[in-house]
Amino acid sequence: MEMFTYALLTTVLAMVAVQNLYLMVGLAAVQALLLGAEAAWIGWQHGDTALYWAAALTVAIKAVVIPLFLRYIIRRIGVIHILDSTLTVKVTLLIAIGLTFVAHYATGALAEVGGIESEALAAALTLVLIGAFLMVSRRVALTQVLGLLVMENGLFLAALATTRGLPLLVDVGIFFDVLVGALVMGLMIYRINATFESIDTSKLRRLQG
Amino acid sequence: MSTEAPVLEVPIPAVPPGQAVTWAGGVWSGLVLVLSLLAARAVFTAGPVRSLFGIVYVDSLGALMLVLIALVGLMATLYAGSYLRHEQKRGQVTALQHLHFFGWFHLFQITMIAAVVVENIGFIWVAVEATTLVSAVLVGFYNRRESLEAAWKYVILCSVGIAFAMLGVILLYTSGVHAGLDHREALNWTSLMAIAPNLNPAVVRMAFALALVGFGTKAGLAPMHTWLPDAHSQAPSPVSALLSGVLLNIALYAALRVELITRQASGAGFTGNLLLTFGLVSLGIAALFILVQRDLKRLLAYSSVEHMGLVCVAIGLGGPVGLSAAVLHMVCHSLVKPVLFFAAGNLGHRYHSYHMERIRGACRAMPLTGGLLIAGALAITGMPPTSLFLSEFGIVAAGFAAGRAWASVVVLLALAVAFAGLLLHVKEMALGEAPHGIQIGEGLDWRALPLLVPLALAVLLGIWMPPAVADALRQVAAMLGGGL
Amino acid sequence: MLTMLLQLLLFALWAPLVNGVIKATKARLQRRVGPPIWQPYRDLMKLFRKQMVISGSATWLFHGAPYVHAGATAAAALLVPSVPALQRGGDFLLLIGMLALSRFVLALAALEPGSAFGGMGSSREMAVSAFVEPALLVTLGAFIVIGTGSGPGRLLAAAALVIITVAETGRVPVDNPDTHLELTMIHEGMVLEYSGPYLGLIAWSHDVKQLIMLTLLANLALPVGLFGQIWLALPVYLVKTLLLGVLLAFIETGMAKVRILKIPDLLITATALSALAALSGLPLGR
Amino acid sequence: MEVDPHVWLLGLGFAALALGAAIALVPLRSPALVTYGCAALGAAALAAGAVSALLAGRWPDLGAVALLPGMGGLRFHMDALSAYFVLLIGGLGAAVSVYAIGYADGQARLQGSLWSLFIAAMAAVVLSADGLGFLFSWEVMAVVSFLLVMAEHRDPEVRQAGYFYVVMTHVGTAFIIGAFLTLYAASGSLGFEAFRAAAAGLPVGVRSAVFVMLVVGFGTKAGLVPLHVWLPRAHPAAPSHVSALMSGAMVKTAIYGHLRFSFDLLGGGSAPAWWGGLLVALGAVSAVTGVLYATQQTHLKRLLAYSTVENVGLLVMGVGAGLVARSFGLGLLSVAALAAVLFHAVSHAAFKGLAFMGAGAVLHGTGTADMERLGGLIRRMPRAAALFLVAAMAVAGLPPLSGFIGEWLSLQTFLGLAAAGGSAAARLGAVGAVTAIALAAGLGAAVAVKAFGITFLALPRTGQAERAHDASPAMVGGMGLAALAVLGLGMVPGAVLTLAAPVVSAAVPEFGSEAVPGAGGPLTWLSINPGTDLQPLATPAALLALVAAALLATVILGRGRPRWRKDMTWTCGIEPGARMEYSGAGFSKPILLMFRGVLQPVRTLKVDPAAHPLFPGQVHYQSELKAVFEQRFYRPVTQAVMGAATRLRRLQTGSLQIYLLYLLVAAVGVIVAAR
């Protein structure tokens, strides 16, 4: 359990640091795989079949469909390696660590509630916050989608950590939303690239004030 | 401009575009309205309705939202008919796009309806996220640079926000499970309300805080509101009307569901203060932004931020006065804001711009639209005889009643600034002489209905509230006060 | 009714003589022979018999103004306490109001012919009167507060009333009744277009107004000799007003005309003196 | 149960106004006649109802509509005070409506509809017995008057003026809301009777806070300096019949508010003396400042607007005097003060309404209200001139017209206060107030001379003035009604004071109506010769007799009617012409220079150097008053707000990343807060 958690944190920190788009998509896929594995493991531990389904969905959608779709978009657009971070790696990492502290600080109070694994919840919140931060620090539209995926992963982890997942029906709904969201965003990136001849969102600054 | 992405093409049978779609949409929306009214009557006379294996659940708050969605939806559909026909005639929109528009437009309404007729908070979340995705397509409808930019910001910011909300939902679920609820019903609102006193207050508080940030992003609360002026201004005007008029309410509705549980679990202090803070910040920021706007639709969008802030302030202050004012205010805002967006759409068509500097002498060029622009502006700033006067007065009164006169003072100040700001722009747009080359004259036909009906309703509520409406609002306010 | 008529006659007949005495005194002081003191009566009689030249642009207002001016001044005269036996009643606010009315119509009539002199006189008259009215009001109020007592208050108020009298009668240093020099004139500018009977009425009214002010000064600043019997009181009154007229002549001769823009200073001083007088008469220490 | 006739009359009045508002929107053959005729009938019925009620002395409830469930709504109740103000509003409304039939011929549609609503809203304000209903009516009145001001919106200045007005009145209303809700927080209800009950138990600090808020709120509507700046802009911008009603009646609703709250609801008897003192001071400043600025105006309607500021100042001084007197237990003086306020309110309504109607006639007849372009209108517009003269004399406060009586009553009060006031400060203040009123009266006379003289007398300055046409019969009718009121009020002041008596005795209950001056009360104090008071018709009759005597004397002494011949005006031998006349600016120049410390004139003189050194070609002279209040009070505030908004606007950078950062910060913030 803890191993998974640390592995997840490692992947997210790696994502903060790397610049290659394919690599980032890959890391997101790995993250989803890890999550799926964790879900399956917890399901096996508790004999919860619903978690198998959740794990399968996670892997299928977040580790396979969406990464493939994003790679397709990258290929269509033809951008692989661009410098999209607005901050230096050092600063980025420092802030990411700071957000980890915030997450631990915030979840510390909730630990007393029986059954909540404070450590895992903290990791989940870390994932969510760093995912959001990833979006703050990156300019390229695609990495922003990846940041969103990291956040979703954090949410899934939170659900796992606290209550062994949400009701399956809700989970299905969420996965559907994630899938559609990724598709919509991917298509938008495509259109943005077509219109602006770039997927650098810092160029999207016509609307101000 | 760009290649049409294949996924965006919703299969709609190839009917002749134009009139037929408009009529079909109108009939459909009318039907929805009738059904909503029937459902609302059932709810308000006999209590919450549950059906379809317990998935569909409508209580008084939901019923009110339902009626608002249906009413504004019908008006927007009617307006969209004439709006798009005009654009099609001018060649801005192809027949195919016209069809697409209506497909997405009604899908958008369906997702909104879905959000208010389910009980499971998880489902509410799913529906709210779905509204974002669907409406993002509509925001980007024109395929211009600006609209793409707006749609992108909209979808990203709201998705991030709503991810925080999801975390809140998960925490709520956790606390429900730990308080002994079954997995299947631990996200059911009624079940959670029933055992709310047993929920862990710390967890629920955190859940509410996250839910408020998340749904608050969608509801346009500052400082998470930044996407709103972009999206609301770039969307086609009928869509803007729906976005401003009802979607914001729905986001707030979702946050309120969590708030009610939290209030039961940990007392009104925390939730009230948080709502009050966000509300006042939104109010203040929006009021100042209104003053320095240059674009008509952005102006209206900021006004929406202001009004959402007001509703939050009212709920945050609480008390019977505050809550009934909040409910009334949501209703009134839903009635009046669409009218303003419709008027803005008409003006945009006539002046070929939403730049307020270019829109001059609207009363001369378009007497009806110009007049309604003034009337709407006066209404939205809380001037009698419209009901917004009453609701805004109630909100200010709530502060005094709650012993927080300072909050009311801030509200009064912000309202005065917003009033000055809105009228500063509107008087120049509506009055004076129309610029050279602008076509003069405007006919009065059924196309005026979507502008006239809601405003007339707002005036009616302002001078005489039908007993049925009064009773319904009272029930909703009572529910917001903590009753089921 | 009879007392009213008597008071009216007293003012109408006595006022030109006072003016004559003042003129004679001034002449003596200036080492001139000067006209006899009866000259004002002769002037008036002559004026009333002359044919007038009326401006071509004058209307009913120009014709009506002298009558209203005279009527209002006469009304003011009725309100002034001259000799106790003739007192009918009326308050000093109405007195000030009547004086204001007489001034108002004249100021309007002065604008009628459209000459620059008329406008000048009218404009200056209204500006000065804006200061005269508060001064007069506060001064008369101060006398009421002081009542019959004597003390520094009465002295202050009396000084104020002297200044106001000078201003109201259009004399140096406020105005100069003897010249038609546009740099200085106020009252004379206003009546420049009038001639014949109208000018007679106005001049007569002006004399009456002068007597009103002197009467106030005589009876308020020097409340002596107010006997109940008219044959005792009347001579005292006549003498007092004549003496005060002489005093006025001395003041006028001994002073230089001040700039128009300095006039407010004089009148503000008067107001301040009276306010001080009023306050000195009040039991402030409660 | 028998219903009082005044209830019927009021109902009839409101019904006629509603009809007028509705029928204006229907296409008609002669819309002005029907629309404004309806309004006139409605307003007249309101006035009649008010008179009937005041005479009958019965005060039934007039019905209610719930607006906000559980909080309140429109609830109408008439008592003496509201009846008196309904009389004012209805009376003036009727006269001006008649005038509008002729004047607003082209503005009978939407404007005509709003007109009826305006009258109805003003009446509703003074009849409201509930805070919410009061504010509702108050705001309707504001909105409707704003739209009426905007009638000639093609002119950017009009738009600016209307905007200024509506924003200021909105801010003022915010203060009133604050005051109401403070009382609401204490009483739990918005009913006036609940306010009254709650105010009695409130600590004096809270009551004072409420009072100050009301002073600001009502002061804005009334046009108290320095809250007056909207007034001289809006009044000239509005159509003249609207200005007449705004100036004559609408600002009086603020006086009503002052009276209602300071005397009735906040318990005038137990008020600290400084309440009244504050009002007297503010009023005095307004009176003097208003009239001073009035002297300097060359736009006829702006001049009248500043004169309204003056008169509002006088009214507020009266209210203050009444409060001071009450707090020192000087009931009789309080009675006198109230009588002064009530009388002057009606009198000002009549003469200022008349003056604005006259200005409208000038505007209608010549196309301009700029005095420098007018002159000599007395020949082309004799009827309008005669009627305007009545108004001008009342503005100047001359006997025997109504303006004088009002000033007389105020001066009596303050002199009484100076003689008998409760403290040294009160006496000193009273002496100051007397001076201020007298100064205002003196300058007021100058204003009146200028307004009438420059506009109507001498030679026409432009072709516009030469081609003027006189007012139409309907306009003359409306003005005539108002002029009759001015004359009647001046000559028989007791009539209206009798109607005011129940109001006064309700406000100062320890004295019955027999104490009210002119309504049977003693006013024997403070005259040089005691024994006289307001004897109806005595003064005017005497005056008339004396004028006749002057005529008689002229005839006798001149042995016949005066004979004259016409000739040119003497202008030192030059052909007389309009260029030789004193201009409006020139007329008030001495006052400008005497008060340059207050008025702060800014003048620019440009001499064209091209010509001969001794004979310059063209000389441009421009003189204007420094906008002291705008620069000192308003510009800093608006600049601060606009500056804040402009700086804040930069937050919306357009950068998605920055937006996400806001979101992240907010999320972290609430997470930390929730812990």
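Letters A, B, C and D mark the chains as written, and numbering starts fresh at 1 in each.
The criterion applied here is as follows: contacts are C-beta pairs under 8 Å (C-beta built on N, C-alpha and C of every residue); 3 or more make two chains touch, one makes a residue touch a chain.
Keep in mind it's a predicted model, so treat the numbers as computed, not measured.
With steps allowed only between chains in touch, the distance from chain B over to chain C comes to 2. Chain centre most remote from that of chain B: C (centre = mean of CA atoms).
The mean-CA centres of chain B and chain D are about 44 angstrom from one another, to the nearest whole unit.
Centroids built from CA atoms put chain B at 30 Å from chain A. Computed from the mean C-alpha positions, the centre of chain A lies at a distance of 69 Å from the centre of chain D. The geometric centre of chain A is 99 Å away from that of chain C, both derived from CA atoms. For chain B, the set of residues touching two or more other chains reads 152-153, 156, 160, 164, 202, 206, 229, 289, 292. Looking at chain A, residues 106, 109, 125, 132, 135, 144, 201, 204-207, 209 sit in touch with two or more other chains. Among the residues of chain D, those in touch with two or more other chains are 649, 652, 656, 660, 663, 667, 671, 674-675. Per the contact rule defined earlier, chains pair up in contact as A-B, A-D, B-D, C-D.
Partner chain B is touched in their complex by these residues of chain A: 106, 109-110, 112-116, 124-125, 128, 131-132, 135, 141, 144, 147-148, 151-152, 154-155, 158-159, 162-163, 166-167, 169-170, 173-174, 176-177, 180-181, 183-185, 187-188, 190-192, 194-196, 201, 204-207, 209. Chain A contributes residues 86, 99, 102, 105-106, 108-109, 125, 129, 132-133, 135-139, 144, 201-202, 204-209 to its touches with chain D in the complex.
Residues 375-376, 378-379, 389, 393, 396-399, 404, 407-408, 411-412, 415, 418-419, 422-424, 427-428, 431-432, 434-436, 438-439, 441-443, 445-446, 448-450, 452-454, 457-459, 526-532, 539, 542-544, 546-551, 553-554, 557-559, 562-571, 576, 578, 580-582, 586-591, 593-594 of chain D are the ones that touch chain C when the two sit in their complex. Chain D meets chain B in the complex at residues 65-71, 132, 135-136, 139-140, 142-143, 147, 150, 153-154, 156, 159, 162-163, 166-167, 170-171, 174, 177-178, 181-182, 184-185, 641-642, 644-646, 648-649, 651-652, 656, 658-660, 662-663, 665-667, 670-671, 673-675. Interface residues of chain B, counted against chain A in their complex, comprise 1-3, 5, 7-8, 120, 122-123, 125-126, 129-130, 133, 136-137, 140, 143, 145-146, 148-153, 155-156, 159-160, 163-164, 166-167, 170-171, 173-175, 177-178, 183-184, 186-187, 200, 202-203, 206, 229-230, 233-234, 289, 292-294, 298.
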